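The structure that follows is given in the form of structure tokens.
Labels run A, B, C, D, E and F following the written order; every chain starts at residue 1.
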Amino acid sequence: MLENVLLMVFAMIGVSLMLNLWRLIVGPSVPDRILALDTMYINTIALIILYGIGMQTQIYFEAALLIAMLGFVSTVAVCKYLLRGDIIE
Amino acid sequence: MTEWLISALLILGGLFILIGSIGLVKMPDFFMRLHGPTKATTLGMALLLIAANVFFSVENGVINIKEILISIFLLITAPITGYMLIKSAIHHELKAKDGTKGMDNIEDD
Amino acid sequence: MELLYASCVGLLVACGIYLILRARTFPVVLGLTMLSYAVNLFLFSSGRLKINQAPVLGQSASYADPLPQALVLTAIVIGFAMTAFVVILAIRGRADLGNDHVDGQPRASRATKGSK
Amino acid sequence: MTLLWIPLLSLLGSLLASFTGKLSRNQSAAVTAIMPIICLALVISMAPQVLAGETLYASLPWIPELGVNLSFRLDGLSLLFCILILGIGLLIILYARYYLSANDSMPKLYAYLMLFMTAMLGIVTANNIIQMWFFWELTSVSSFLLISYWWYNPEARKGARMALAITGAGGLALLAGLVLLGQLVGSYELDVILQSGELVKSSEWYPLILVLVLLGAFTKSAQFPFHFWLPHAMAAPTPVSAYLHSATMVKAGIFLLARFYPALAGTELWFIIVGVTGLTTLLVGAYIALFKHDLKGLLAYSTISHLGLITLLLGLDTQLATVAAIFHIINHATFKASLFMATGIIDHETGTRDMRKLNGMWRYMPYTATLAMVAAASMAGVPLLNGFLSKEMFFAETLHQQMLGSMSWLIPVLATVAGALSVAYSARFIHDVFFNGEPKDLPKQPHEAPRYMRVPIEILVTLCVLVGLFPAFVVDPLLTVASHAVLGAEAPDYHLAIWHGFNLPLLMSAVAVAGGLFIYSQRKYLFQFQASLPSVSAKKAFDASIQRVVVWSREQILRIENGSLQRYVFILLLSTLVVAGLPLFEMHTLAGATGLSEIDAHNAIGAALLMIGALATLIWHRSRMIALILVSVVGLMTSVAFTRFSAPDLALTQLTVEVVTVMLLMLALFFLPQRTPKESSSLRILRDLGVSSAIGIVVGSICYALLTRPQESISQFFIGNAKTGGGGTNVVNVILVDFRGFDTLGEITVLGIAALGIYKLLLNLPLFMPASDSEGRPWARERHPLLLASISQSLLPLAIMVSVYIFLRGHNLPGGGFIAGLVTSIAFILQYMANGSNWIRARMDINYRKVIASGLAIATLSGIGSWLFGRNFLTSWFDYFDIPLVGKTELASAMIFDLGVYLTVVGATLMILASLGKLTAETPKEKVNL
Amino acid sequence: MRLQARYKWLPTPFRSILLFAVWLLLNNSVSAGHLILGAVLAIVIPLVIAPFRTAQPLILRPGLATKQLFIVLWDIITANVEVAFKILAPTKRLRPGFIKVPLDLEHELPITMLASTVSLTPGTVSAEVYPIPESLPKGEVPTQRFLLIHVLDLDDEQALIETIKRRYEAPLKEIFQC
Amino acid sequence: MQHLITLPVLLPLLAGIILLLPPCGKNLVLRRWVATFMALFTLVASTLLLTTILGSGPLVYAIGEWQPPFGIVLYADPLAVALCILTSFLSLVTIVYASRGDDKAGSFFHPLAHFLLMGVNGAFLTGDLFNLFVFFEVLLIASYALLMHKKDKHTTKAALHYVILNLVGSSIFLIALGVLYGVLGTLNMADMAVKVALLQGDDIYLAKIGGLLLLIVFALKAALLPLHLWLPATYGRAMPVIAAQFAIMTKVGVYAIMRVFTMIFGEQAGELSGIASTWLWPLALVTLVVGAVGVLAAEDLRRLSANLVIVSVGTLIAMVALNNEQATAVAIYYLIHSTIACAAMFLVADMIALQRGKVQDRLVNSRGVAQPKLLGFCFVFAAIALAGLPPLSGFVAKLWLLDASYGAQVAWVFWPIYLLASLATLVALSRAGTSLFWHDHPNQDEQFEDNVYAGKRRTWALVLILAVPLMMTVFAAPLSEMSNQAAAALHNSQVAIDTVFALAKEQ
């Protein structure tokens, strides 16, 4: 059963990612795109966690953890860019 | 039993994530789009991660809650992401949906 | 799957190269970045594609080829260093040359300068 | 081995001369003369043996691999030339002492002169043809220096350059010829070559060799059509001209013809080329000489003409002609040297060499005039003087050949014409300078030259007379051995005498003298006729042609190196496409033996995201910010691919690097335009799309071909030995810090250098800082958003904890120093973003340069440490320890190495960002530690 | 309110505990080795990065803090379900709006926690803290701060402000004793 | 002594590190001395290494004691070590030269010079193809940083081109590595040589692609036509003292071509043997021609020297393309000669530019230099060496080149092109010399600033580097013998394979 459930959830995440990408490409504003990218980061974490469950391995946990950390930092950086231009003042 | 639990958590988590992304696509203005990802997705992630915890605890026979770290992390950062995004949206003077109340509350940045 | 992977690599290479052939530093740098993704994926593929066989002992029954992974890791780091340098060089170019054309001046202004 | 000393001492002489700067002029000349005197003494001491028919040898090994040795010989021909070179050289040294003015540097002239003398001695005594070429080129170089002695005179510079270009070109041809000759014969030793005449002449390479060698000889001895450099070399000081153009430089070419006579001469080709060239040169030189108003110009063309005469003699198909050639070498050297020196005196004492101004010099310098007149008479071939003897032999030999077949009668006729012209210009030299009325506007009041300045001329003119009167007694022995050397044992019998009775040659002489005087008497009409011809300046033509070559070169280079990076990259890519694409077509099937695995949903989604991201980046690349966001998607998907295909370490690295890269790009974007203008023509876009998709297809195909092939690799070793040999279970990490730690050492060095380089780039960079964004919106006022500043403080310890975790587990599980370093750096970057670089600097006064260096030092020293245990560099060590409470713990030297990696990464990343931050910091003046 | 911790070697006790927990979580282990290492790191890391901390009030009511944590967690769950339905429902019915909540809190950390809580709970996202320092004359400290909040579906502005202040701000004041 | 082979790489690395750390970090005088002595030590170590291997044959050193083909090995044959000596010497000279003040034009000159040295020596000594890539990157990044030593907008433009082209080049290198590893499953060059011979079917073509891609990369580094376009601007615009150091970098490309295409794709490689030759030969000739045209076209001495570098590359590659031992031996001798001569010319150009003030080293008539005797002598010396005239090494090289190419089918086109290129060089150099040193006003009393004079250090550097062409003529015999030995070692890939795998058996 778990296998089917995984596939199902997987499909949901996949659809989510596609929706994110759609928003990312369509925009219309830059903040919209950043928001989409940030969501994409998080959805990717979901993807990796699912993959880990499917493969019964925790070896990709750190990747997920880092995406969480780094996604945040880069989103903040882009926002800072939009606000101030100079991200390190 | 645990399999049911895991499955339920997974499906719920997936659903929330999907809804978050639907919100991202569906909402009419940026400020409203922001709500989906910052909330629904965060919860969806938490559910998924709990599912993973349960799964690996069962799988390895020891209690495993390390995935919750990611959730903690997201809980800490998601509001700041939203804050930064909304700041830049205000800075870019993005149009809010017609009829949005309290626009006069926004000051120059 | 192999075909899909190869197509991705090919597409990345093509996009990267197209951008490298642009006349302004920023797209060129973007192109270089994309090309380095492609190249890393390519180098990685020289160990073939294995699913769930991470080369960490005790984690699975058989292991993916660890050597290309180590090589790609080195390549990523070196690529990072190089990209960093070229990015800063692009800034320097803008400051020194007054524009961001890779040749220091856009073609049109070069033509008028030549006719003087 | 005495022979070796001759060039060596001469070379020493050059050095010696260059150090005489502090001595008086007399002392300088005396010191310079020491070495040539010793050399001459040595030569004379060896002369009896040579005259007795012996050939002396001396040899030292030099480059045996190439068959090149320092190998010397002294035979008759060498002896003759040695005596000429040294003898006349000594006279020139004396003469130059008086010729040079106080402003001119004596040591410089003497040093160059002695260098030149060395080169000439080297040529004539060489027994190895490569060695000969060595000295041959040395004459080109040293004559260049001599001709340009008065370098502030543009004529001298141009003349020197022209001489070098022409003789240099000839030298290269000669080298080619000599190498061919050597390869053909199997040796570069002259002895062997001279004995292989038959082999050479019958070879299919013979024509080529001959032409190449003759090119060398003809350019050097100013044969038509390469003669034009010589008159322009007259810009040199007169002693130099006297030396170079009488006995030495130009005679080197003649010497070469004579030297290779046994190996190359005797064929029809030889006679045609050498003979016709000589004849043409003889006539052309003599004709032009007549019209030169400059005394030295006259002598220059006369030299050309006489060299043509000698060449023609060497080209004539009789042995006696060859003897005559050698005889004329001697005679020409003596009379021409004296004439040059006399000209020098006239120039020196009157300030001009223009024959239109010089008139009636007889009255002012009767002594010099007498000497000059005797020498000029010798040049004209007046009986009782040496010039007459050889010229008569020449006339005689022109009658004895069939070179031009039925037209062969032309040769004596033309020879007579040339003789007449020679008489005419000699007559002009005498009459126009010493008589012909009063001088006009001379810059100086003329008077007789200093006593010792005349001595060299006296000696030479005496020789002219002595040879003319007692040829058999004075030169016969030398001439005989020299002829033997050229012709081999079968040199003909001849006897030198003034009187051979009334015969055809005598008639030719008479006709020549009469004709010459007639021509001179009718010079007015001739000059008018000449003036009506379009004047061709060799110098201008040469300069123009060189200039044309240079201009053409510049055009070509500008066309090729047009300074367009797009073109350069395009060429690189096209080359890549060609070499990588062609073999693809040779393959039978692209796919290998392994089948395809199926595509699952995971891969499909990842691939779709990656491809859409890439294409979207391409399409939106002109909106830079959007492109940057899209590239992040591609990067993210790349790391997802790494997780998918079992490479967790790679995924981690890719992720961290990706974030830092995007941040850097954003920093850069701040200083760059936000949009890329539309500049490419649609044709260019099509072209670029074409080449990039072609390369994409090729690379994709190669990738596909690889992926579908079974593989055998060395990787099993790593998997098998990671734990037992490297002490870790994360094989990738063990490869990085142990199996291939050397790569990693290089890699972090690259990172460190990049940081140093970036620091360099950004130091004192004047930056254009936009006050508003691309849409004209002023920047937000708030520098450090409150919530961000606050949360980033809380995240810092968390991130450090995570990086410690990643660092420590790296050896056994995905992670390691590099990733840990980047996580630490990113944590600090967040602080930079949230609080600004001034805030950071106030709290952390770390010198990143030192951090980088320490990291590198730790990594390197951890490798060198193994030397202490007698192990190779980077040999790892690990062991397990039982620590109370903690339990079994592994300690490995690789961890120390990884610590080095960590520090370098942190130092480098932060140095890069701090340098950038510093650019816009509010207090740029403040001294910053980096 | 207290800004300085009792022991110099433990400047931020709560944070150290968090770090210790994170270490154990990361390693998924409670072995002696990890307990020791975790403890050491939890003490050393805050000390090392102490310069990067600006003084903030410390948590003085840990019990209340824990209680508040669970309240917020519960709110997050309910809020999310609520938002999920709003997303799926037709968007026309939504009445978005911005509100400005006057703050009693003064220090950054509590304000941040409040803003985060607001962002994570019912239909609200914190947008800005007013006034921004750059809008004030140099050196002046703001007397009254406001939190700008975007509300997805705004019904009664005053009620919402009231709820936020009561349910989230008041406990924070209590926890930090400020 | 066992570790001697690592010293040419490790000493410069350590030097770079030491120079960044206290007390060197802030003390320029100390930095100069340390840099000089470390370069000297590297030179001595390399020389010792050469004497060792000339006696005992090639050496192999397994880094980390991981046996080949698994670990990285250093492989020292006479060619590699001779080039290490050359590079170390060049670094020594340039460091001494720069210590007069050029090192102050930007930061980190001395550490970067040593990192460059490390990269180049590493590239020469490594026996592992991926490690070669790493060292290429080390030397490239160091060269990027050095190129930007002096701030000037033309340099920036040249650097942009140079860096971007090389980044593309590095990508191609990685693709080549991927293909070769994917087909051969190994990275050790000796092992690759073994595996290449065993390839069958379509794998051969894949390996061929890998090999030819490497050729592109190396040709780009070597500035072989049509990939030379970056060179004139880069070398012409870099500070001359840095251009002098760069003189070795094109040779790294040439070396890599020699190494890879005689060892991996050597005679043992069956169908793949000599895959490069067909491409190399015509390209070498075209390079020679274009280089010579560039020499004639040059408007300043640095450009001229840069084009001379191209000429030398064309000549070298022609020899490499002949693909026989004798030609390789010439190539080795010529490589050393041309590197030194070009580097010397860059230094001379620098002094001239410095002393002529505004016109710099442009080939126009202008004021004289402050030290006409010294510079004139140096120029003539360098020019004679470059033009291949006696009595300097260029003459030996020229002779040997002709000698070695005699009998090759292609000699009939190589000889004329080569000789004409020599003539162009001669003409251009004589024009350059006459316009730089000789002008119409001999006795102008000009005032020169104190810092334009050569001073002790620069004079020493010039003397040191100019002594080499002379020494190379005097000691032509031992040098040619060494070149022959080096060429023999290079061509006999079986020896290399055996040496490398003997180590594997030992362990």
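Note that in this section a contact is a pair of C-beta atoms (placed from the backbone, for glycine too) under 8 Å apart; a residue touches a chain by one contact, two chains touch by 3 or more.
As the structure is a computational prediction, the values presented were derived from the model and not from experiment.
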Intersection of the contact lists for subunit C and subunit D: A, F
Common touching chains of subunit F and subunit D: C
A-C or B-E - the one linked by more C-beta pairs in contact: B-E
Closest chain to global C-alpha mean, per-chain Cα centroids: F
For subunit A paired with subunit F, centre-to-centre distance based on mean C-alpha positions, whole Å: 48
Centroid spacing, where centroids are CA-atom means, of subunit B and subunit D in whole angstrom: 71
Geometric centre distance via CA averages, subunit F-subunit B, whole Å: 58
Inter-chain centre distance, subunit A versus subunit B - centres from mean C-alpha coordinates, in Å: 11
Shared interface positions of subunit B, touching two or more other chains: 15, 20, 22, 34, 42, 64, 66, 69, 73, 76-77, 79-80, 83-84, 87, 91-92, 108-109
Of all residues in subunit D, the ones touching two or more other chains: 563, 565, 569, 573, 644, 648, 667, 669, 699, 702, 706, 711, 713-715, 718, 739-740, 743, 747, 750, 753-754, 757, 761, 780-783, 785, 787-788, 791, 794, 798, 802, 813-814, 916
Multi-chain contact sites of subunit F, meaning residues that touch two or more partners: 130, 134, 137, 141, 144-145, 148, 151, 157, 160-161, 164, 168, 175, 178-179, 181-182, 187
Chain pairs that touch, as defined at the top of this document: A-B, A-C, A-D, B-D, B-E, C-D, C-F, D-E, D-F
For the subunit D and subunit A complex, residues of the former touching the latter: 601-602, 605, 608-609, 612-613, 616, 620, 625-626, 629-630, 632-633, 636, 639-640, 643-644, 648, 651-652, 655-656, 658-659, 662-663, 666-667, 669-670, 769-770, 773, 779-780, 782-785, 788, 799, 802, 806, 813-815, 819, 823, 826, 829-830, 832-834, 836-837, 913, 916-917, 920-922
Touch list for subunit A against partner subunit D, complex: 7, 10-11, 14, 17-18, 21, 24-25, 27, 30, 33-34, 37, 40-41, 44, 47-48, 51, 59-60, 62-63, 65-67, 69-70, 73-74, 76-78, 80-89
Complex interface listing, subunit D residues touching subunit C: 563-566, 569-570, 573, 594, 596-600, 603-604, 607, 610-611, 614-615, 617-618, 621-622, 624, 627-628, 631, 634-635, 638, 641-642, 644-650, 653-654, 657, 660-661, 664-665, 667-669, 671-673, 676-677, 679-680, 688-689, 691-693, 695-697, 699-704, 706-708, 711, 713-715, 718-719, 722-723, 729-732, 735-736, 739-740, 743-744, 747-748, 750-751, 753-755, 757-758, 761-762, 765-768, 812-814, 818, 908, 912, 915-916
In the complex, subunit F residues that touch subunit C: 130, 134, 137, 141, 144-145, 148, 151-153, 156-157, 159-161, 163-164, 167-168, 170-171, 174-175, 177-179, 181-182, 187
Subunit D - residues contacting subunit B, complex: 777, 780-782, 785, 787-788, 791, 794-795, 798
